[in-house]
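Taking it in order: structure first as structure tokens, then the write-up.
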Amino acid sequence: MHAWRVMMMMPRSKKQRQLFYLVPYGAWLLLFVIVPLCLLVVQSLMTQNGHFTLNNYAIYFSSGTYLRMTFNSVWFAFLITIITLIISYPTAYFLNQLKQKQFWLLLIILPTWINLLLKTYAFIGLLSKTGSVNTFLNLWGIAPKQLLFSDWSFLLVAAYIEIPFMILPIFNSLAEINPRLEQASRDLGANKWQTLRYVTVPLSMTGVKAGIQAVFIPSLSLFMITRLIGGNRVITLGTAIEEHFLVTQNWHLGSTIGVILIIAMVITMSITRDRVRKHSRKRG
Amino acid sequence: MYKKIKWSYLYLLFVFILLYLPIFFLVVYSFNAGDVMQGWDGFSLKHYNELFADTRILEIIVNTFLIALLSSLLATVIGTAGALYIYNQTNALTKNIFLSLNNILLVSPDVIIGASFLILFTVVGFSLGFVSVLLAHIAFSIPIVVLMVLPRLQEMNQSLVIAAKDLGAGNWQMLSRVILPVISPGILAGFFMALTYSLDDFAVTFFVTGNGFSTLSVEIYSRARQGVSLEINALSAMMFLVSLALVFIYYVISTRFAKSKKRGTRLVLPASEGL
Amino acid sequence: MKLHAFLVTMYLLTKSEDWALTNTSTPIIEFKNISLSYDDNEVLKNIDLELEAGKFYTLLGPSGSGKTTILNLISGQLTATHGNILFEGNVINDVPVEKRNMNTVFQDYGLFPNMNVYDNVAFGPSIKGMNKATIKTKVTEMLDLVKLSQFADREINELSGGQRQRVAIARALANDPEILLLDEPLSALDYKLRKDMQSELREIQQRLGITFVFVTHDQEEALAMSDWIFVMNDGVIQQNGSPEDIYDEPINHFVADFIGESNILDGIMKADYLVHFVGKDFENVDAGMRPNERVEVVLRPEDLDLTTVDQAKLIVTIEDQSFRGDYYEITAIDDDGNEWQVQATNKATVGSRLGLTFDPEDIHIMRFNESEDDFDARLESYDDDAAE
């Protein structure tokens, strides 16, 4: 009799327990994930008076300025990704060969724990017209230049900030490669470079893709660095959104650009998605 | 062979210098007697004195830490509940839907989070300030807590739960005596991640902060737009120390509890979006 | 007298033939006084060895004995701290792995997960820059050899352990190596599969006629497959010889204990052909030691027979027995308290008293701390005795 009651109660008590967990978490999901996203989409589809319109999208797609800005943003994000990739891959590769590699990796990660406003601020000091880099260049007889507020300074600082986020996933994917595979490759007659090209690099592609994801999407939405280093110009999707929300107060168009950014993000993620599984299932 | 290794060391040295130079530069100039980040006018602690005399900055520091502590505590509670809910969910489809929804805020750019929260608060008629920033910080910290706790639950020995049930443990006893102790390293790690997320955030806060209230990141931003002030250098030196302490604590926790194979991969980076 | 002279001549002839074989044809691999240390840890100590082309060699020893280290030195994955390694007479200490004409089958196979079976086997030939058609012929031939022709398009993670093993062998052989190095390749397979692979490997080796160097900790495997075995322990080659030599004439306690089952007892050589152990004198076939020299006596369980008490050399009490399929493994205790392992075809009753008997030639004598050279010299002196 007792056992029967326990059995009857089990699902009920499990339900209660689940409800107890679901209430706070579900409320968060609803209020801070689903609703805000819906609001953003709704805003992009509304006029100032609250009527439905596609006008915001029409403005966006017919304006040379917006399209150029979007292209620019993608181009900058692409450059930042390439620069960080070029610097990070060898770093991750060499790090992985060190004895105390976890310790050195921690040192790579450490700068990311420092407030990035401060790191950006440091570059203002380094790159300003009277700053240290110009002083250094002056020693070589090069006249002081305006280094700050240029595309180059923007690329430099953005790449600087993003490097650890590229190194980490590549490092992890390299560390997961069985060292035996590199041995086997050498054993079969491949030299160091051939081993790198045919074995190591293909096997670390998952990490490279994860790194690209971790760098490209944030690079599209940068706005703080463009303001402080890139010289108050609207050159990324992120800056454009900030401009429309906080400066010109045109939330509807700002939301439209936000939706575009989300779409760009989804595209990037689907391109860089790991296809390893699909590949192995080819012959099922 | 010997030569190759040398080259790789040289390259790594270069990368490390690159990564640490700006931070080093900031800290060194915080001790400059002059007022700009250039030249060297001798050693002085005057910028630290200025910093400690600046009541506005001190108030903001208190606010920032208050927000960080409160938001990460609440996010840890809600996130742990979420992880337990997802873990107990037997339907694979529902489980996946919840996981995907959970990760939306993790992958979204900060500008999007900031902008959509701004719309939300405005539509609801919520005034911007301490509470709106707190809510926003709780909101973006929850998913990382879920992701830190969930693997612990999945690693949990199932026979433990069955044994506890067999011994007659009720729901609450099961949670407090069996499950929570087992997953506590994950909860602790989640709390620390939430803390650093909150301390590190600029973009989301910038959108929902309103006029009266400010956190350190926002304050540094507005000061930096006005130009260099070595008081900020002094502040950054202090924050560097705090970051070091946090990393150290986190590292100790994660290595102490994760006797498992891949401790390095357990280190998660703070949010990189919306710079 | 004529017969005597004839025998001596024949003996000298065979000896000189041996001599010619081992010394005029250059060994394919030679280690000259090789040592290897990590930090302060000496992994290999003054190793000398010679491998002849076309034979199946086994490096046998417990883990940490240095056998895999030797393999890695041959392949070039490791570099020795001291000494020279020669390939067909030329020092190859500084030749990088990829330039050595030898290939390895790794314990965990080391197959590239980003390539299918075909591409794995084709890896070596395509690195060498062969043309597509040649590569195709080569890969097909190799997959035929390991009976995997049907699996060319499979992904590695779709294969069973045994199939991966075969791919690894095909991949290593596709490079036409002069030496195939095998690092415990069978240890991950189950018993039945291992047995099959043992004979198949042996067959492949004989078909191709190249040198195999096989590393294992499994003495049964070593005895079954090899032409020649090196028994390793503590970074030293304890003994090398044909499987029969190693089994029948273990040189020291370690080898006797490691290869097969052994009853090892302390004894004294009272005189030539007379050994004293477990309190009794026994006739045996060893000679050439100092009178009353301390020795160790080895008796293999399968050389011992249980018999009635009156025919016995020793009286024992049966302690325990277990059925092993083709024999009974019996543990018995003699009156001095020594434990004996016996393999018997008949069942015995636990607790009963029975006799133990063995032939003089089944008593193997090991000197304490005898070096391998001394041992060889002593063995040869028996041969000389026999020849005269």
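The first chain written gets the first letter, and so on, giving A, B and C; residue counts start at 1 in each chain.
Simple rule for what comes next: a contact is a pair of C-beta atoms (placed from the backbone, for glycine too) under 8 Å apart; a residue touches a chain by one contact, two chains touch by 3 or more.
Bear in mind the structure is a predicted one, so any value in this text is a computation, not a measurement.
In terms of C-beta pairs in contact, A-B outnumbers the other of A-B and A-C. Chain centres computed from CA atoms place C at the largest separation from chain A.
Averaged C-alpha coordinates give centres for chain B and chain C that are 59 Å from one another. Put simply, the C-alpha centre of chain A and that of chain B have 16 angstrom between them.
Taking each chain's centre as the mean of its C-alpha atoms, chain A lies 57 Å from chain C.
Against chain B, the residues of chain A that register as touching in their complex are 13-14, 16-18, 20-22, 24-26, 28-29, 31-37, 39-40, 43, 87, 90-91, 94-95, 97-98, 101-102, 104-126, 128, 130-132, 135, 158, 160-165, 168, 172, 175, 214-215, 217-218, 220-225, 227-228, 237-238, 241-242, 245-246, 251, 254-255, 258, 261-262, 265, 269.
By the touch criterion given at the top, residues 8-9, 11-12, 15-16, 18-20, 22-23, 25-26, 29, 36-39, 77-79, 81-82, 84-85, 88-89, 98, 101-102, 104-105, 107-120, 123, 135, 138-139, 142, 171, 196, 199-200, 202-203, 206-207, 216-217, 220-221, 224-225, 227-228, 232, 235-236, 239-240, 243-244, 246-247, 251, 263-265, 267, 269-270, 272-275 of chain B touch chain A in their complex. Per the touch definition, chain C reaches chain A in the complex via residues 75, 77, 96-99, 103-104, 106, 108, 110-114, 123-124, 127-128, 153-155, 157-158, 171-172, 175.
Only residues 178, 180-181, 183-191, 194, 198-199, 202-203, 279-280, 282-283 of chain A touch chain C when the two sit together in their complex.
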